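Heads up, the next two complexes both have chain A, just with different partners, chain B and then chain C.
For the complex of A and B:
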C-alpha cells in the first residue's frame, strides 16, 4: 500500500468518525478491477485505494446526493468538473468535502478482447495541465506512481464519420459525464424525437454533434466518457478541439475558478441572438 | 458424434473455399480489438485471438434492422436481407452457445421471431474452442465452454498442431461431406489428448469459480435487498452490459416517415435503461435502479431458466469486463450459486 493510500484511508476514517461527512465516495479494488465505492462506516475506509486505474469521474455521483454531506476523492479533472457543477447549481459546495489527490495520469483500460496487452497512460492525461483539483479541503500528495510527461500525441485529423459508425448508442459516454444531467436528454427524448435511434447511421453523427455542442465550454476533458466507451471512440479529441475554439472566442477554460462566470450562463448585450 | 481432424494447412484451404462460396464472417484485428467482420480477404482471419469485444449476436439480431415498409396504396412490403448464405467462422464456444439460448427463446412458439430465424437458418456456425480462457471467462459454470459450445454446426479444437473437428448438426455433416478430402478420421492418440484437454481446461476454470447453478432458481426470493442497493449506487445506467451481452435480446421499434412510405425499424433495447418499463401514463413498475439491476440478474439466472429451461448467461465475461463501474454478475453467482 502506498503512503498516499494510507493517508487517504486514515482521513476517510476520521471524516466518518467525527461525522464531518456521512459518506465518502472513492475507489475500491475488486476482482474485476478498480471501481467506485461508497463508504458509510469508518471501518470500511480500509477498502479505499488510489492508483492509476481510478478512472471514472466521481463528480457525477454528487449531483444525486444533494442533501447529504459527502467526502469525495477528486483528481485534477474531477475537481474541475465539480467547479463547473457548483456554478451550474448542481452541487452545493458546503455539502462536499473535497479530498484532492495529486494525479499523475490514469491508464487506458485494458478491456475484453483488446489487442494491446501492456498498460498505457491515457491520451487525454498526456494533454492535462491540472493535476490537482482547483478547489480542495485536503490534499494528498502522490508517491506511488509517475509517468513521463513526454507527449506523443498523435494529432493527425480523424475521420469522425467513420468513427461514429462504430457507436453502439449505449449512452455510457453520456451517463458517465458529470455534465450530462438533463432529466430529459435531447438525444434520447421522444417529444420531439430529434435524434432517431434506429433509423440509420447518420443519426449517430447527429447524436455526437448534439452532445458535443451541449458540453463545449463545460467539458473538462476528464475522459470518463472515453474510457467508458466499449468501442474506444476517442471522444476527448473532439471535445478538446471544440474547447480550444471556445477558448479563442470566449476566453474561457472550464473548471479553473469558482469566480469566473461560464459564458453560456451570462447574458451580454453584444451577444447575437 | 463424429470426430475428425484437419491440419493447419488444410484448414486454411477450407477457409478459402468457404470464402469463395459464402459470405464469411470471422475474427479480425480492428480498432484496437478483435471483432467479427465480413472478410474481404481470407488471409486476414485470426485464429489465436482471445475473444471479440462485441458478441456476434449482431449478425443475427442487428443493432438496427428494417422490418418492413408501409405504402398507403401498396400496403406492406418486406425487403430481402443481404447476407444470406453466410458462415460465421471461429466463434468462441460461449458465443456459439448463446445462439442456442436465443433459439430456445426466440424460436419458441407462438411468438417466433422470423427475422432471427431467417438469419440463423442462412448462417453456418463454426466454433473454435478456447485453450487459454481469459481472466473474465466463467463459461465452465454454465457448461458453455471452454471446449465445445452448444449452438454450432462444427466445433474446431486445436490439439497438438492439428484441429479436432466435431460434427454437431446434420448441417455440419453436410459441410464436412462437401469438403470430404480435407478432413481425416482422428487417430486414437489424438482423441486421447483431446479428452485430456477437455478435462484439464474445465478443471482449470473450476478452480477459479465453481457453483451449484441449480440453486439460482431460488434467486428471486433469496437475494438480499442490500446487494442491489450497493450495486445501484454505482451503476450509471448505461447499456453496455446488455448491448455487449451475446444473450440479451430485447428490442424496441421505431416508425419513420420517408417520402411516400413509413418504415418500421427495430433495434436493441435494454432493461437497465430507465425508460424501458416507463408507460405513457407515467407509471413505472421498475422505477428504481435497484429494481432494474435486480431484474437483470434474476431474469438471466432464474426467470429464463424457469420459462425456457436454459440460462440467460453463458459466462462470456463481457458485461463484467466492460461495465464502467465494475458491476459483476460473478458476485451473484458466488453468493447465491
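For the complex of A and C:
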C-alpha cells in the first residue's frame, strides 16, 4: 500500500468521524480493477484505494447528491469537470470537500484476455497538463507509480467517418460523461427522433457529431467516454480538436478557473459578427 | 443516367426569405436545386439539423441571415456566425470539406444579390462533387 493511499484513508476516516462530510466518494477494489464506492461510516474508510486504475470521473455523482455534504476523491481532470459543473450551477461548491489526489495518468482499460502486466498509460493522459485539481481543499501528493510524459506527437489523422461506424450505440459515453446531465437528452428525446435505436450506419454520423457539439467548450478531456467505450472510439481526440476552436477564438480552456465564464454565456456589445 | 446536380438545403430567416421572394418577383434566376426552409430566425437553426441534413443526403447547407449591422438585435447573428464557424471546424475534423456549410448575409430587398451569390455557391459545390457520406462511412478502416 502506497503512502498516498494510507493518507487518503486516514483523511476519509477523519472527515467522517468529525462529521465534516456525510459521505465520501472514492474508489474501491473490485474483480475487474476498481469501481466507485460510497462510504458513510468511518470504519469503512479502509476500502478506499488509489492506483492508476482509477479512471472513472467521480464528478458525475455530485449532481445527484446536492443536499448532502460530500467529500470526493478527485484527479486533475475530475476537478476541472467539477469547476465547469459549478459554473453551470449544477453543484454547490460549499457542499463539496475536494480531496485532490495528484494524478500521474491512468491505465487503459484492461482488454479481455490480455495480461495484467502489459498495462499502458491512456492516450489522453499523455496529453494532459493538469495533474492536480484546480480547486481543492486537501492535497495528497502521489508517490507510487511513475508517469511517462513522453507524449508521442506523431498522431495520425483518423478516418473519423469509418471509425463512427464501429459504434454500437450503447450510450456508455453519455452515461459516463459528467456533462451529459440533461433530463431530456436531445439524442434520445428529440421529437421527431434525431437518432433512432435501430442501427442505421448513417445515424451514427448524426449521433457523434451532435454529441460533440453539445460537449465542446465544456469537455475537460477526462477520457471517461473513451475508457468506457466498448469499441474504443478515441472520442477524446475529437473533442480536443473542437476545444482548440474555443481556445483560438475565445482564449477559453474549460475547467481551469471559476472566474472565467464559458464564452457561449457571455454577451459583449462589441461582438458584432 | 441523369447528370448529377448538387442538393442544397437553405435555412432562410424571415427577413432574408423575403429577399429570396424578391429574387422571384424581380425575375432573377437562381438554380433550382436549392430547397429553402423558412425559419423564424437564423439563430434557431440547431446545428444538429444541419448535420441531419447532411446525413439525409444534402450536398451543402446554406444559412441565410440578416446582416449583423442592420439587425436591431445583435445576438442572433453573432450566435449564427459562431455556430457556423464551429460547425465548419467539426466537419473539417471528421473529413468533410468545410465549404459545404455556408452562411450568407441577405437583407429583404436584396433579391439580385441572393440570386448571384447562390449561383456562385452552386458552382463551387458542383466543383467539389457529391458528398456521398454513405460511401465514406462504409470505407474500410
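Criterion: the second predicted complex is superposed on the first by the 259 of 273 C-alpha atoms of A that agree within 3 Å, B and C clash if a C-alpha of one lies under 4 Å from a C-alpha of the other, contacts with A are read in each partner's own complex, and residues count from 1 in each chain.
FYI, contacts are C-beta pairs under 8 Å (C-beta built on N, C-alpha and C of every residue); 3 or more make two chains touch, one makes a residue touch a chain.
These numbers come from a predicted model, not from an experiment.
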item	value
Simultaneous placement of chain C and chain B on chain A, clash or fit	fit
Arrangement angle, chain B at one end, chain C at the other, chain A at the vertex (C-alpha, nearest 10°)	90
Touching partner for A:33 - first (chain B), second (chain C), both, neither	first
First (chain B), second (chain C), both or neither touched by A:138	neither
Which superposed partner A:216 touches (first chain B, second chain C, both, neither)	second
Touching partner for A:171 - first (chain B), second (chain C), both, neither	first
First, second, both or neither for A:181, with chain B first and chain C second	neither
First, second, both or neither for A:252, with chain B first and chain C second	neither
Contacts of A:228 with chain B and chain C, given as first, second, both or neither	first
Overlay on shared chain A, then closest C-alpha pair between chain B and chain C (Å)	9
Overlap of the chain B and chain C footprints on chain A, listed as residue numbers	none
Touching residues (chain side chain A, partner chain B) in the complex	30-38, 56, 60-61, 111-116, 166, 168-172, 174-176, 188, 193, 196-200, 224, 227-228, 230-232
Chain B to chain A touching residues, read off their complex	29, 31-35, 49-54, 63-64, 134, 136, 230, 233-234, 236-240, 243-244, 252-254, 256, 263, 265-268, 273, 275, 317-318, 320-328, 330
Footprint of chain C on chain A - complex, ascending	157, 159-165, 186, 190, 194, 201-206, 209-210, 212-213, 216, 238, 241-242, 245, 249, 264, 267, 269, 271-273
Touch list for chain C against partner chain A, complex	47-48, 51-52, 54-55, 68-69, 74-75, 77-78, 81-82, 85-87, 89-90, 93-95, 133-134, 136-141
